[in-house]
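What follows are several structures.
Across the two complexes that follow, chain A remains constant while its partner is chain B and subsequently chain C.
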Partner chain A sequence: MKKFDIKKYLKTIIILCVILVAVVILAVLKPSETDLFKNTSPEMQKMIEQDANSTRKRVTVTYNNLLIINYASLSTSGAKVMSEKYVGFLGKVYPADKGGMKITGQMVNYTYRMLGCGENLMHGAKLTITLTTLTVLFGVLLGTILALGKISKNKILSKISGAYIFFFRGTPLLIQLFVVYFTVPGMFGFAWRDVFSSSDPEAVFKGAFVASVIAFALNSGAYCAEIVRSAIQSIDKGQFEAAKALGMTYRQTMTRIIIPQSVRRMIPNVSNEFIMVLKDASLVFAISLMDITTISKNIMTSEGSYLVFIPALIIYLLITAFFGFVFNKIEKKFSVYE
Partner chain B sequence: MSDNYEYILKTEHVSKRFGSLEVLKDVNLSVKKGEVICIIGPSGAGKSTFLRSLNQLEKITSGKIFIRDELFLHRENDRTVDKLPKDKQQELLLEMGMVFQRFNLFPHKTVLQNVCEAPIVVKKEKKEDVEKRAKQLLEKVGLLDKADEYPSRLSGGQQQRAAIARALAMNPEIMLFDEPTSALDPELVGDVLNVMKELAESGMTMLCVTHEMGFAREVADRVLFMADGIITEEGTPEEIFTNPKVERTRNFLNSIL
Partner chain C sequence: MKKKVLSLVCMAVLAFGLVGCGNKDAASDTKTETPEVTPASVATDSSVADDASGEAIDISGVKLISDGVLSVGADVAYPPFEDFAEDGTTPIGFDVDIITAVADKLGLKVNIINTAWDGIFAGIGVNYDVACSAITITPERQETMLFSTPYINNYQSVVLRADDDTEIASFNDLEGKTIAVQKETTSDILMSDYKSTGTINVQIVANEKITSCFTQLLNGEVDAVVVDSTVADGFLNSSDDYKIVYKDTAEAEQFGIAISVDNPELQKAINEALAELEAEGYIQETYDYWFGTVAE
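Let's turn to the complex of A and B:
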């Protein structure tokens, strides 16, 4: 193994340290939750106090903490309607009822919800990332099997793989998702939520999640098959001949010589496929899973905020950038012998 | 396996056709154990194809191949008439080591791993035993210090020597060389030829397709001149190089010497 060369990474390390220090300072200087609530009007504070002692809550409290900035919104319903919003940043609490601070507060709130903070894996960016990762993982596995089928000398296997790829690449992913989610349970008389216990309040979402992983993986498999096939066929014919001359069987040649060499050539295309799936994952809005897209659409409809799509785009971009970086590193790691 | 055989390798009426192009026409050759045979001739004569059809990298159109006097394969008109059972065939094929013009080392494995791969995977030998033998072989070809390098870091000559070590690791009875020095820079040819010379002196049966006339002259027991898919002349190096009988051979030698 090569020694870790610190000089090569010095620039990156410095940038990372600066960002880290800045984040820590901002996080430390950020007003606490109690600071935010201390700033509320006396009337509101009185109502909160009363709420604490009664079972009937009149104040709806939202508190969003985004590490360097936080946001609180308090509103009452009933005889007297009050609404107060505050943004806490850099040791100060700002009222966020109008102007720039109002927009800032909204953005913090939308980002918080779209990231799926304080929720399980079935929400927001967490859902998008989990779904995409699982899809590509199963997609590459399925794709490898399909690719080996397609290039195999067995005509039937090759035809089946070819037909599979033709079908899944030739039909819309959204309809494939509908078929897996609606048609298949309809034909076989079950529901996806039945996969989980009926007492689980999230069973519907979990069922929909399983259905979308299956639909997306089946679809991704077809695309990955072409990626794997072209990678295998780009390997020099001499490699097959050398392995054969040494007495290796077809299976040994594939698993020990050809596929390990194909992996490196596959990575850029798999990275591409990953980003495609990441964006295709927004189609789950059609079966009401709460991913980034669904949440932004819901905010748009219920609160009439047309600005919500901007943080949505930024979140998608950040995820893409992060995984692009990861795939780049993996590719470098696999290139040691070249 | 019995050692009672006359010819380690024999072909009868081997021919090979690519579409309408007849590459090999009725090639007959018998090789005794320990013989070193060089096949020379103009390019396109079918030398490489003949060598490759011996270890089944090419399927012959018709003819018979015998290994250790056993009928290994008999084909007529692109159909297999007779052959040995698959496991027996595999066993005999392992007796042939092959060295390619373009080395074909496995680029994702180190030199040592390249040499050890087949004995471990194909022959199921113990890793420690194989590694010990591999190191001896690498020392023999002068590459022990490069054992842990990847092939891309070696020169062409070093890669080809590693490829020879890799083929030898399977303990073959006969080595096939398919223009082993044709892809090398001139100053690297010598090292590879020296390794081949040592191998010949140690009694290995060798079949070399080569353009190195000096090597053929010095090392070969027999030289075959091949042109247009047939062996037009064969004899000792002396006979072929100093007194070729066939016009075609004379022209070829005149043009390259």
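Let's turn to the complex of A and C:
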């Protein structure tokens, strides 16, 4: 391992530090939650007081905190619509009812919702990231087994793996998802929700999440199998022969010589698969989960604001940038074998 | 040689299959332009046509996307308002009957364009002249589009599995339950409001299609479905698996035909047509046909 060369990274470190300091300053100067709600009109406060003892409450209170900026809104439903919005930034509270501040407020709110802040792992960007990571993880594992099966000399094993790959690559992911979520439980008389305790209010989303991880991983396994197979078969045949000449068994040859080398050749393709799954993850809308795309489409239809797609794109780009970086590092690490 | 013969046979089969498909498509294309195969519409269309020839509504100032045709956007997966007939290509349903009768009054043909509920409003005036797809008239929507006079009343209702004995006397009894709604419908908006205001603590599962909600209910993924009473009535007509336990009769909603904001002439013409149909009893007749006699 080379000595850590600080000079090479100096620029990056300085930029990161400046950003960090700026974020900390902005976060500290940001007005508190109580400050944001201080300007609430007496009318609205009266409504809130009425709500306290009512069986049908009318006021929706929203508070979104996004590290350096925060947003609060109070709104009522019904014939007489009242709505008050505030944005807090740099120690000041701005009303966000019109103009630039309205757009800023909307952006904070949309970003907050798309990131899935204040929700568990089954919402927004968190859902997209968890689902994609788990899918690719299980997919590569399953794919390695399938690839070894397909290139094995055992005819039955090879045929089964081939058939599996044929089936899962030849049918659309959306239909596979439907089958796992609707058809299988319907036929065998169970519900995905029952996998979790009945007292868990989020059970329905967790059930759908488990179903989607299963469907996605089964599908991704088929694609990864071909990635792994091509990587293994790209290793020079001479290495097999050399290992055999040294008296190594098939298992030893695979685990010690072939697979470590093929990992590096796999990485670019796996990274491709990862990004594909990342975008395919929006298919979970079909089984009631809300990922970034679904949430942005929802906001578009309910509020008619096309601006929502800008933060959506930025969130996607940030996620791909981060994982692209990670895959780059892994590839560098494994290239020592070549 | 054997292989060659086999592949030739395969190709022939494929080719025949494709030709077969082509024919069917052509047939259905002509059908969709005149979707009047349902008994209700067939029965009344003749009388409507007679009336129309007598005193046609003036549509000289109306802008249409294609001449002589009223293009209608609908999310055709919402029985009994709109659904595909057994052949899978002909749209049928309450909305289809109503809009066909309206177009007849105006001396126009109907072309139903199947579109996703997401973005259905964005297509009005662009891809189709009007949207008629069980659309609730709301103040927010009225800001961006015109509505015809309402042609049906609707209530939010709670549907349970037939074997579920839970008592639901109001939406507040859904406390702690998991419910399914169709995404971005009035049911979704209402239930989200109940949740966001803290009135009740409820888990809302939003689906693209109402049929997904009912499958989830049947599979036991959710405890209840909150849905338009009209849709629930239609579902209950065709299945014994569900029951309606509560209808929110206090807050009625009205469905209207949505029209582009810069086409008030069309709105006026459609309103006249609807008024005539109402007077003739056609709307009530169609309602009874599609929803049974459970109307309030």
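Everything that follows uses one rule, which is that the second predicted complex is superposed on the first by the 309 of 338 C-alpha atoms of A that agree within 3 Å, B and C clash if a C-alpha of one lies under 4 Å from a C-alpha of the other, contacts with A are read in each partner's own complex, and residues count from 1 in each chain.
The definition used in the following text is that contacts are C-beta pairs under 8 Å (C-beta built on N, C-alpha and C of every residue); 3 or more make two chains touch, one makes a residue touch a chain.
Here the structure is a predicted model, which is why all the values come from computation and not from measurement.
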Contacts of A:120 with chain B and chain C, given as first, second, both or neither: neither
First (chain B), second (chain C), both or neither touched by A:201: second
Which superposed partner A:193 touches (first chain B, second chain C, both, neither): second
Most chain A residues touched (candidates chain B, chain C): C
Chain B versus chain C as contact partner of A:182, first or second or both or neither: second
Partner chain(s) touched by A:233 [first = chain B, second = chain C, both, neither]: neither
Chain B versus chain C as contact partner of A:288, first or second or both or neither: second
Partner chain(s) touched by A:60 [first = chain B, second = chain C, both, neither]: second
Chain B versus chain C as contact partner of A:260, first or second or both or neither: first
Partner chain in contact with A:302 - chain B first, chain C second, else both or neither: second
Footprint of chain A on chain C - complex, ascending: 117-119, 121, 139, 144, 170, 172, 176, 178, 180, 183-184, 189, 193-194, 196-199, 201, 203, 205-208, 212, 215-216, 218-222
Contact footprint of chain B on chain A as seen in their complex: 236, 238-239, 241-242, 244-248, 252, 256-257, 260-261, 336-338
Chain B to chain A touching residues, read off their complex: 55-57, 90, 93-94, 96-98, 100, 102, 104-109, 117-118, 121-123, 150-152, 163, 166-167, 170
For the chain A and chain C complex, residues of the former touching the latter: 51, 54-60, 62, 77, 79, 81, 182, 185-186, 190-194, 201-205, 207-208, 285-288, 290, 297-298, 300-302, 304
